[in-house]
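Look at the two complexes coming up: subunit A is in both, with subunit B in one and subunit C in the other.
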Partner chain A sequence: MSRTARLVVFAVGAAGLAAMLAWSFAGLPDFGVYTGRYGRIIAQITEPDRGVTNAVTFTAFDVRAVDTMIEEFIVFAAAIAAVALLRHQRGEPEEEEHPADMLRPKTSPALRVVGALLAGPTVVVALDLVAHGHLTPGGGFQGGVVLAATAVVVVAAGGRVRLPPDEPPLLAEIIHGAGAAGFVLLGLAGLIFSGAFLNTTFAGHGTTGALLSGGAIPLLNVATGLEVAGAIVVILAEFLEQEMLAAEEGESS
Partner chain B sequence: MTVLAYGVAAWLFLVGLVGIVRSRNLIGVVICLSVVQSSTYVLLLAIGYRSGAKAPILADIKSGAPVVDPVVQALTLTDVVVEATVTAVLLALAVQAHKRFGSLDPDAMTEIRG
Partner chain C sequence: MIAVQAVLLVLVGVAGTLVALARDPLRQAILTGTFGVALALLFFALQAPDVALSQLVVGAVALPAMVLLALAEVRSHENRKDDE
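Right after this comes the complex of A and B.
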């Protein structure tokens, strides 16, 4: 199909879609007068039932904990998919065996200074987001991403970037597997100690507002944070390796 | 206000689709897909909004005070995570496609090679 024909077909379809979107949105409740019951019930029981003050975290890690576990597995699977997809093509340029001192050119001093300044604070922000996920905005997913960003800052700020070995970074893989396993084990602990998979009450409530409160919800946040940080580092390392292989080919040709 | 909130969602969805159809670069397609997905964030958050309500962080507000719906916010969190993972996998596929076809233009990939 030619490009123009494709655009015409799309325009017709998009016009129809736009009309139906407008129609369906017209049937939604007006903006600002949402009357759904579940959200209100959850907001009411969040604090008395679990000693947690972040209703979103309570929803994600208690009410919908099984969904969140599957969501974690989606992240897990995406990291594996990225490794599998990007690994396939290695092989050929390997004959020359990169010597250990095969390093990329130096990064700029400005990047190194900013990176060195940012590395510490981003770790602290990440740990804060994970640790207080049940009290204030934040949680395992958000903190995990910031933690992975720390790894990016460190790599970018390194004096030189070493060509990564053929394996995905082992530590990140272990962390990412441990996070996924930890979530399931905490779920099983709920099954054993309080009678339902991913029941978070077995660890007790603690004092509302304290760092150690909210039953197993903070622990689930930690597991998620590890899983997400590990998975994202694995994915980014694979992309970095591709980038460097491409740069190397560009230099040699 | 109703029109604005839902209109933004519809606009993002459609404009992202236009981008996907018009794009001549797979990376552009992936970015346009993120635009399409971001329309779902706007829609979910707009649906759960209640006028005058606070964020569902109960630490600093009086108990019983109205808060916006936490369920749709948790769903939005799921949505963001799924979007990020989908983007990662699609970008990996784009890298593979570039290796195989030597180009990122979707129109250059019409021929199927073994």
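Right after this comes the complex of A and C.
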């Protein structure tokens, strides 16, 4: 096909796309105008029905809790896949001795100071996000990622990253499995005690606005937080491990 | 409020364009983080703090970190191949 012919085909396609886009943009609701009914219903029943003040968490962990569970499984599967792929790549365990407490190449003092200062507050923010997910913006997912980010901060500042050869970051894997299992078990508890899978009312409402309120929603948040934090640490640890191995081989050769 | 939203909307557009125009993957990863922060600020200005938080942790922290690690991984592989 000649250049001219290709340009003609492109021009026709682009003109068609532009026309369709203009047509569909003209039919969009105005900026910031919400016409759906679902959101209004959710906003009305969130507080009276569950004693929860964050409608987003109520939607994610109650109305559409099955959705959230499947999303959790996606993160779970992603972590397992990363481990399976990268560990396979690592191949046979090396015979050489690796001291378990080997440190990364020295990082700059500035980075270490910033890392040390950030690590504590980051953990607090993460726990706050998870614990108050049903009251204020936040939740298990966001808190979990922030918790995992703490690990990244520590590693970036020069903490220990060397894993024993062929051994998974065991604690992170246990946490990530426990989180996924916890979510399903809480769902089953809903099935047993209130007659529907992931029905969160079995734990009682509590006082609206209290830390322990909103039925099983805070518990689901904790389970999600553990799952997500564990999964991301597992994934990052596998990547870092790979990088460390490569760097070492580079140095020795 | 509308002015803030307009400014942030433009900022998101600019940041997104920069990500698309960057050719070097490393630069792209860093720009993705900037784009993520801009998008999170826009969500916040549009009164969606929950979505803003998710965007912040995923778009500005987790995604660039994973891309950077993947790049480091690819580069170390290339280095190893060069050595052999």
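Worth pointing out:
The rule we apply is simple: the second predicted complex is superposed on the first by the 209 of 253 C-alpha atoms of A that agree within 3 Å, B and C clash if a C-alpha of one lies under 4 Å from a C-alpha of the other, contacts with A are read in each partner's own complex, and residues count from 1 in each chain.
Just so we're on the same page, contacts are C-beta pairs under 8 Å (C-beta built on N, C-alpha and C of every residue); 3 or more make two chains touch, one makes a residue touch a chain.
Fair warning: this is a prediction, and the values are worked out from it, not measured in the lab.
More residues of subunit A lie in touch with B than with the remaining chain of the pair subunit B and subunit C.
Once the two complexes are laid over each other on the shared chain, residue contacts for A:Val75 go to subunit B alone; subunit C is not touched. Applying the stated contact rule after C-alpha superposition, one finds that A:Pro137 touches each of subunit B and subunit C.
In the superposition on chain A, contact is made by A:Leu21 with subunit B only, not with subunit C. Once the two complexes are laid over each other on the shared chain, residue contacts for A:Ile235 go to subunit B and to subunit C alike. By the document's definition of touching, neither partner reaches A:Ala65: not subunit B, not subunit C. Applying the stated contact rule after C-alpha superposition, one finds that A:Leu129 touches subunit C and leaves subunit B untouched.
Using the contact criterion defined above for the overlaid structures, shared-chain residue A:Gly32 touches subunit B and also reaches subunit C.
Contacts of A:Thr53 after superposition on the shared chain: subunit B is touched, whereas subunit C is not.
In the overlay built on the shared chain, the residue A:Val152 is in contact with subunit C alone; subunit B does not reach it. Comparing the two interfaces of subunit A, the one with subunit B and the one with subunit C have residues 32, 54, 56, 137, 139, 141, 145, 235, 239, 242 in common.
For subunit A in complex with subunit C, the touching residues are 32, 54, 56-57, 129, 137-139, 141-142, 145-146, 148-149, 152, 232, 235-236, 239-240, 242-243, 246-247, 249-250, 253.
Touching subunit A in their complex are the following residues of subunit B: 1-2, 4-7, 9-10, 13-14, 17-18, 21-22, 46-51, 55-59, 63-64, 67-74, 77-78, 80-82, 84-86, 88-89, 91-93, 95-96, 99, 107.
Across the interface of their complex, subunit A is touched by residues 46, 49-54, 56-58, 61-62, 65-66, 69-70, 72-73, 76-77, 79-80, 83 of subunit C. Those residues of subunit A whose C-beta lies close enough to touch subunit B in the complex are 3, 6-7, 10, 14, 17-18, 21-22, 25, 28-34, 36, 38-40, 42-44, 46-47, 53-56, 58-60, 63-64, 67-68, 71, 74-75, 77-79, 81-82, 85-86, 88-89, 135-137, 139, 141, 145, 209, 228, 235, 238-239, 242.
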